[in-house]
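A, B and C are the chain letters, set down in written order, and residue numbers restart from 1 in every chain.
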Amino acid sequence: MQTSARKKIKGTTASLNRFGPGAQALFHVLLGLFALLCIIPFVFVIIISFTSEESIRQIGYSFHPLSWSTQAYTYTFQLGDQLWRSYANSFLITIIGTVLSVLMCFLYAYPLFRKDYGYRNFFNFLSFFTMIFGGGLVPTFVICKSVLGLSDNYAALIVPMLFSPFNIIIMRTFFQTSVPTELIEAATIDGSGEYGTLFRIVFPIVTPGIATVALLVALGYWNEWFLSLLYINKNMNIIPLQYLLMRMQRNADFLAKNSGMIGADASRAATQLPSQTLKMALVVFIVVPIACAYPFFQRYVVSGLTIGSVKG
Amino acid sequence: MSIGEKSRHGSMQGARRKKNLVLTTMVLPGAIWLLLIRYLPMFGIVLAFKNYKAQRPNTFWNNIIKSEWVGLKNFQFLKSPDTAIMIRNTLGYNILWIALGLVIAVAFAVMMSELSNRFLAKTYQTLMFFPYFLSWVVASYFVLAFLDPTSGMIPALQKRAGIPVTNFYHDTTWWPLILTICNLWKNIGYSSVLYLAAITGIDTTQYEAAAVDGATKWQQIWHVTLPNIRTMIVILLIMNVGKIFNADFGLFYNVPQNSGSLLPVTQVVDTYVYRAYANTHNMGMSSAAGFLQSAVGLVCIVGANAIVRKVDPESSLF
Amino acid sequence: MKRLVSLVLSLALVLSLCAFAQADDLPTITIMFHGSNVSDDSVVLEKVNEYIADKVGAKLEVIWGTWGDFDDKATNALLSGDSDVDMIFTCSWSADEFNKYAKDGYFYELDELVDAYGAELKAAIPEALMTAATVVGPDGEKHIYAVNGFKDTATQIAWDVNVTLLNELGYTLDDVKNLGFFGWGEIFAKAKEVKGDAFYPFLVEPMVAERAVTNTIIVTGDSGNVNLLSYYMNPDDLTQPTEKYGNVMLNKFATEEYKAFAETMRAYYVAGYIDPALAVAETSNDTRTNAQKEANYLIGTQSYAYGYEYSAEVTSRGIEVAYLPCTDPYVDTTVSQGAMIAISSASEHPEESFKFLNLLNSDPTLMTLLNYGVEGVQYNLTEDGLVDFYGEDNELLPGRSAYQPWTNGMGNVTILPDTKSEGAGFRKAFQEFYASGKAIPVLGFIFDSSEVETEMGALANVAAQYALALDCGAVDPETELPKFLSALDAAGMQKYLDAANEQVKAFLGE
């Protein structure tokens, strides 16, 4: 092969492909510092989740609490069914949503990349326009609920986020930057059908792009809670974990702001409010699985560089 | 394959039609979704020009049809004395952050792709994504831990050093910087992963060819990496320009703890509309604000796209 | 590969298939409550539906809105004309603008239904509550638009005093009373001296403190986040206007009373008597709640409700707490519209819904069932007939911990039995206390801001910038108050005031 021939002539490509130690060190410092800045707040969240309530009341949130406590976690486990059920819901919604959404995105973006596709501009605009203009919250709610029946079911938590014009454009850009047109032409000449070309030839080349979009979509589903607020009224068994957390947060905010209006009942409600530490413990519960899933996506995003795409 | 010129022409047309048909089946699921969930509700845009009220019978359709047209009355929120400040802040922060975000994210992506220690590269990249998991509310606690006038770390250090303590939540001086750091902190990981994935997709033989021609690593980045991710850069840029009149509500509301004294540097279109109409639930005014943001966005995107199309038609959005 | 596409489509379709239809003859009516903490209502609703099947002729379903979600859910349901929500909690505070929704046609006119089916309701709740729920509708005429809950029907602001600490400092409650807000400096100084520099004796909700000192009310219909209007009460005789101002709406921040308040707060703030965190909107509430729980204050503010000092929140502070009321309990529009249930004009079953509300507010069995749950599951009865939510181990019964609606948000609480924690006779004493509330002259006045909505939006933003910091003393009124007032003027304060006063005149002329 040409490549190996070049290697022999010019020595190892590895040395050619890398910066010197000085530049490398500089990169490590810059990236390392920024990475640290990114992770410290999460460490902070973990610290708060192990802080005792008294310490928070006395000195607020701090990196050095006065005393420690695992109360938040014991309480979290006492939530029992509710916690695990919403956990399971989060997984279910994220997995189904991501698979369907990525598939739809992949299928929609591919023809938009094909210059020889007749309706390319039409469908491109169809998607792009919705990125700028929308009907607004209430009209969308009415359509989803009364026309599509998205109410008190899992579909209500999945369907409204299935498609994202932003991801279409990202995906299309990945096609543009990594799939050579000749490759598709060659495949067509070889008698490959359009779907065959897409899944057998194009798919392996754009895995970094697909992994990236999948990551964005999965994060979107995992973090979503407003759909639950809108569409879930009676069937509380299907709400995801993120909504459980947001509900606690919003309850606390509302009670604090309106304590004067709710009367003596508010005091009872306020004493039952989950503490700050519990909220942070739930944040930990929410972040850990998606952070663990991250390397799975990353395998395709980062390591791709060493694999590269085969051309010519 | 037929041999005759005429039949060959015919079969080519047939093949094209078939190809178009097959490719259309690919876009169909997405197109149906768009029509149902994005286009059907778009009649809601008329709300920006109506005084929406419940009618008899009270159904949403009937209410929209029968509600009175009010022309541009809902856009009067623009007549506020705060208008100049909120527009300045919205546009100013967005322009600054688009530029900074682009440079830093691309730089980080390139650096990560060039690190020889793959393990550390992956670790950095993973960690950079963490801010994306934390909501602005949680992030605001973190900022508070530094700035809180009584127990915050910076005021504590100032006390220890004998410097006058800065009352951060009543002093606008530092907030443009703080908001900028927060914005970059949250978004760099996200966009750098897009650039990184684009770099990953670059055909490695291009680097080898450049190396054969004696290009240094810096030259390789300039002549191979950047041109190859140019499309991604331009596309993200155009899309960001389209959001130039929108602001990240949580960043401007939660992170400064909704402190009134900071409004001169934290008031943006979204927070203004929220503070003005959250309690009256005026659908007309919030629709009007949304419509205005969309219209400005559209103009900016079309403008930016037109420029790109002249310079680099390959990278244009449409 | 087309199969794949159709697979995706059919999967989406299967997912979107909603719950199976119910094969029941009775129509279903749905009610949306506020402030619930309910995760299992199955036992209760089964009993409720058994009980109301004949009496109402419908089956009840409940949407248990929580504190944090209700506003969004309710707004969405009302604005979208959702016929799946028949009855909905509403009030005049928070963001649930009863008067605005009624005027814009979102609520069903109950006049005829009250006449036809509401005899029990009329007998069960005071006339004044019916009047408070009678407001202007889309036709410009007054109609009954809600069933008003019979709960705490008067309001009162009180100073919350940490008596334990006060005595430790060598002062008595009488000293606090006699010195008054403007003279508390010396007590605060003493507290600071004894408890150290990190102690903040004056723990206020700044906007409540402002009303407490100036004896002003929240004007119903005024801008919500920060009030702009003031009506001055006459503390000597709440039923009469003040001699100084009369029945007039004033620019809250332009009076000399406000200036005096802001200057004193400034002095207290500079002297270190007030926690700076109270002057920042989002940290203010957390800081106050935490310091209260820790009993880490000397004097605070409280919107008082009867029985508050015996509530768990106060007793758990571990100190002796006294409440010094700023005025006698009074009745204003806001409190008289404190918690109501309206029927949506999109409802397909207004008749059944009203029959249900009529029963709920007049029938102790139904009210107790929906509020406290089922005996043996959510509560046990003591020998004296008191409701006890706690088991023998002093833990909340599991049934109760899964079923805790907001009592005051449901309706007529006076027909509920007493609970063990409140003690026998509580409901009666509660009723007597609130019956003593005095009606202020502008009771029933509702400011209609629809003509000055743009100005209100601009003013709300100006006030958001200055009001809290001034109320708390975090900025100097000497320089900031004039700036604030001229910014208000530029945003249209005069037009806003004129609109309000024109309406007050029309209201009192009636």
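Everything below uses one rule, namely that contacts are C-beta pairs under 8 Å (C-beta built on N, C-alpha and C of every residue); 3 or more make two chains touch, one makes a residue touch a chain.
Everything quoted here is computed from the prediction, not taken from an experiment.
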Intersection of contact partners for subunit B and subunit C: A
Pair of chains joined by more contacts [C-beta pairs], A-B or A-C: A-B
Subunit A and subunit C, separation of their C-alpha mean positions in angstrom: 38
Rounded Å distance between subunit A and subunit B, as computed from the means of their C-alpha atoms: 15
Touching two or more other chains - residues of subunit B: 26, 29, 60, 144, 148, 150, 283
Residues of subunit C touching at least two other chains: 2, 5, 8, 12, 79-81
Residues of subunit A whose C-beta touches two or more other chains: 104, 107, 138, 142, 148, 159, 162, 193-195, 249
Residue ranges of subunit B in contact with subunit C within the complex: 25-26, 28-29, 32, 52-60, 62-63, 76-77, 79-82, 140, 144, 148-150, 167, 169-170, 254, 257-261, 263-264, 267, 272, 275-283, 285
Subunit B - residues contacting subunit A, complex: 16, 19-20, 22-24, 26-27, 29-31, 33-34, 36-45, 47, 60, 108, 111-118, 120-135, 137-139, 141-142, 144-145, 148, 150-151, 153, 185, 188-190, 193-194, 196-205, 207-208, 211-212, 217, 228-229, 231-232, 235, 239, 242, 283, 286-287, 290, 294, 297-298, 301, 314, 317-318
Touch list for subunit A against partner subunit C, complex: 54, 56-58, 82, 96, 100, 103-104, 107, 137-138, 141-142, 145, 148-155, 158-159, 162, 193-196, 199, 229-230, 233-236, 246-265, 267-272
Complex interface listing, subunit A residues touching subunit B: 2-3, 6, 9-10, 13, 16-19, 23-24, 27-28, 30-32, 34-42, 44-45, 48, 59-63, 104-105, 107-108, 110-112, 114, 116-119, 121, 123-128, 130-136, 138-140, 142-144, 146-148, 159-160, 162-163, 166, 168-170, 173-174, 176-178, 193-195, 198, 205-206, 208-209, 211-212, 215-216, 219, 223, 249, 280, 283, 286-287, 290-291, 294-295, 298, 301-306, 308-309, 311-312
Subunit A partner contacts - residues on subunit C that touch it in the complex: 1-2, 4-5, 8, 11-12, 15-19, 32, 35, 37, 39, 61-63, 66-69, 71-73, 76, 79-82, 84, 91, 93-94, 151-152, 205, 208, 285-286, 288-291, 293-294, 296, 302-303, 305-308, 311-314, 316, 338, 404, 406-408
